[in-house]
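Here's the structure, in structure tokens; my notes come after.
Labels run A, B and C following the written order; every chain starts at residue 1.
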Amino acid sequence: MKTLNELAELIGGTVVGDGEVQIHRVTGIDGAGPGEITFLANPKYLPLLQTTRASAVMVKPGIEAPGVSLLVCSNPYLAFAKVLTALHVTKPEVRGVMEGAWVDPEAKIAAGATVYPGCVVGKNVEVGPGTTLYPGVLLYDNVRIGSDCLIHAGVVVREGCRIGDRVIIQPKAVIGSDGFGFAPDGSGYFKIPQVGIVVIEDDVEIGANCCLDRAALGVTQIGRGSKLDNLVQIAHNVRIGADTIIVAQVGIAGSTQIGTHCTLGGQVGVAGHIKIGDNTMIGAQSGVAGKLPAGEIYSGTPAIPHQDWLRAAKTFAKLPEMRKEISRLKRQMEELQELIKEG
Amino acid sequence: MKTLNELAELIGGTVVGDGEVQIHRVTGIDGAGPGEITFLANPKYLPLLQTTRASAVMVKPGIEAPGVSLLVCSNPYLAFAKVLTALHVTKPEVRGVMEGAWVDPEAKIAAGATVYPGCVVGKNVEVGPGTTLYPGVLLYDNVRIGSDCLIHAGVVVREGCRIGDRVIIQPKAVIGSDGFGFAPDGSGYFKIPQVGIVVIEDDVEIGANCCLDRAALGVTQIGRGSKLDNLVQIAHNVRIGADTIIVAQVGIAGSTQIGTHCTLGGQVGVAGHIKIGDNTMIGAQSGVAGKLPAGEIYSGTPAIPHQDWLRAAKTFAKLPEMRKEISRLKRQMEELQELIKEG
Amino acid sequence: MKTLNELAELIGGTVVGDGEVQIHRVTGIDGAGPGEITFLANPKYLPLLQTTRASAVMVKPGIEAPGVSLLVCSNPYLAFAKVLTALHVTKPEVRGVMEGAWVDPEAKIAAGATVYPGCVVGKNVEVGPGTTLYPGVLLYDNVRIGSDCLIHAGVVVREGCRIGDRVIIQPKAVIGSDGFGFAPDGSGYFKIPQVGIVVIEDDVEIGANCCLDRAALGVTQIGRGSKLDNLVQIAHNVRIGADTIIVAQVGIAGSTQIGTHCTLGGQVGVAGHIKIGDNTMIGAQSGVAGKLPAGEIYSGTPAIPHQDWLRAAKTFAKLPEMRKEISRLKRQMEELQELIKEG
């Protein structure tokens, strides 16, 4: 519970109306009631400002609404995230190593960390203060996890992998599975041992059921602040720069490097051993087969500049008609040629 | 073990031949033997009726086969499913909370429920009668699971999510992971807390390794009787209607609504914030970027009416030839124009 | 630690230089130092041979490099894999059934097997000698696992499934989840019980978070020596031949048969009830809708011969231009026809 004035201070906004009203919850604009704050991101919902029973609404500058208190801020979306955090997020309870957790005596669990039942922690593992291992987290030997991390239920981290501070890993993600490497030996395949590790830098979030393969030699790396959605596949020796967004079900093949501040749409596939520059955006379901420069938008398989892809994709349905048109033109052309020859 | 007459009664069919023969097993038509029942769905296997050693065969009306008992029914596929259930499916043994399960003292596990070793059950969780939590199921606080559910090994359900009656969740599915939401804050990304839940209605089945993200605010919802195959990604605030089929590796982005009785083929991607009408079918690997009306079939990326896509996709391979043809026509056109000008 | 001569004997290569030098580690060519061996697969790195501080380099015949010892071998990639194995891979410690593992008294765990804490092993399960069940492996009743397998953390194997010898399963893979089968019953769907199993033959590797569904009746089968990357979906009754490579995020629908020595690129989708011949290659992200003959390369959705696809895909971006060209030709044609009619 906070007053509107307190929230204004938190987000650097200004109050129009009653700053002392108590706010205890954030909700969507249509169902909001007293004691609740909501936000107006889309102008089409402006009329709802007349009828909302919310105690306050976060809005951009320039909006007026008599009868309801406003929290005016330049970036209501970011303000919404901050207010939501202030009102709804509590630090997980510190409970230490709980009964039902199996921790190797040679592991170092910091005071202020929590290890739930069903966790198994190997030799020489280090877990920093403020970090929570939810139930069923399985850490192989020599794993290092920093401070203030949330490692959700059922996450596996294999031997030697390193995770920074304030990292969030959603349930069941796998960190450090073997990279997919086999040398043909004439009849079948000989496994190439994968003796590298995965390094996850500070402030990264990894989605549920993601797979991050350990490097063959060296490291697979996720740069500071990058966010991976669910079911993403990161192959061995991939390196992803800082603050890059990777949407669900993307697959990135081995040794590829992705720049900083990139966005990869859902279900994108990226070939191995290529480089994608900084600030690149790749449309959903695209297939990237070769390197891409920085700062551009690409779509399609193989990926081409997004505007070109949009135009071509729109024309795709016309293909049968175009083909018929070409046949007709061919026939007409032959008739004309015949006519002229005769004439 | 049941007699053929008993099976006929169960499925509402009629026996032609020996109704008292004992049936203990369902098998495929080619390997079937005495005491076994098989079924004939595809007419191309009709000749096998002469040689099968099965004690009985489920067939559509109008088929004759002297020497083998027939179970005649209007829908042999549905009959097959029901007979298979009658002969092969036993309710899981009720074993209570077993040793090796970690159940918070404030959780309520109904009499008649089973909790296997390796499960971890949080505070205020409720589990209904007849429900089985297979080994390693991990339930966060305040989860509610109805009656007669099968929650398979390693499933994670995060805080506050609600699951109806007779729900089946295959191993390792994740229910209630954080939705993927981040507000750019100038340099990097600020996490938007995901404080909603997931609601799974009655009679739903969720495949292995699926990810169903909790809502930012409110609920992510899977409608009654819907079936999700493996590795499906459901983003935050998605709502799926009743009796909808979603095949493996589909991804549905945030806040999208899918109607009832839809079918989404494997590896389909659906963009966020759109609406797909009831009874819609979407072909495998399609990419849906905008809203779709009810009752139609769509394919391709971006999705277009299925028949149009089929025609266009068939023409795709002709593109290089078409391009050459156009060049040739252009050249011929210029020659003709030249000729006529001269003439 | 081995001498260069010992490594030469191991891989069937010859030493040029000091065969008695001690080698303890394999590294990449640029960071290598004394006591380390590296390899030269790509000729563009030849100049690095002059400056490397490595004690030895694995090279193809015909390469000279005064000042550094060479290990000459016909297949440096395979040699690299073997040397890496010799220097870096140790058999996992045999620890028996450890405290914190829950093993049914009717399960048979061979002497020489290891069962880590957090594992749950059902009735009548058999685990062979030399096999390691890493933490949190969950085996339902009647599962059979051969000898010298590595079953990584959190893997689930459901009832009755059978796994051969020397099989490696990466973390969290699910073996034997229910196939996706439902019979429409007029209003909704009736579940078709999936009473078959999964059979994984010897020397197979299964990636992290893969899903291999049990057969409806009979078996789903992965042939000897085949390798599946992460997040692969194998539906019920699929059969995959020996030594086939399936890259990450591939989905194969029900009852399809894949030959031996095939390669399926990442994110490929294969329809159900079709047959793909031996030695077939399918390009990444392709969609295979019908049967494919042996020994060919296919790409695209629907898949066509790879060279045709490459040409067509290259032309795709030209579609809008082609359409304009056709319109222009049509106009010009009409003008000409008009002209000739008049003339």
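The criterion applied here is as follows: a contact is a pair of C-beta atoms (placed from the backbone, for glycine too) under 8 Å apart; a residue touches a chain by one contact, two chains touch by 3 or more.
Given the structure is predicted, the values throughout are model-derived calculations rather than measurements.
Rounded to a multiple of 5, the Cα-based rotation taking subunit B onto subunit C is 120 degrees. Where subunit A touches subunit C, the two copies mostly use different residue numbers: shared numbers make up under half of all numbers in play. The centroid of the Cα atoms in subunit A and the matching centroid in subunit C are 25 Å apart.
The residues of subunit A that reach two or more other chains are 118, 136, 154, 172, 209, 231, 249, 267, 316, 318-319, 322, 326, 329, 333, 336, 340, listed in rising order.
Put simply, subunit B touches subunit C in their complex at residues 26-28, 75, 77-78, 80-82, 84-85, 88-89, 99-100, 116-118, 134-136, 152-154, 168, 170-172, 203, 205, 207-209, 225, 227, 229-231, 242-243, 245, 247-249, 266-267, 284-285, 313, 316-320, 322-323, 326, 329-330, 333, 336-337, 340.
Within the complex formed with subunit A, the residues of subunit B that make contact are 102, 118-120, 122, 136, 138, 140, 154, 156, 158, 172, 174, 177-178, 180-185, 187-193, 195, 209, 211, 213, 217-218, 231, 233, 235, 249, 251, 253, 267, 269, 271, 287, 300-302, 304, 308-309, 311-312, 314-316, 318-319, 322, 325-326, 329, 332-333, 336, 339-340, 343.
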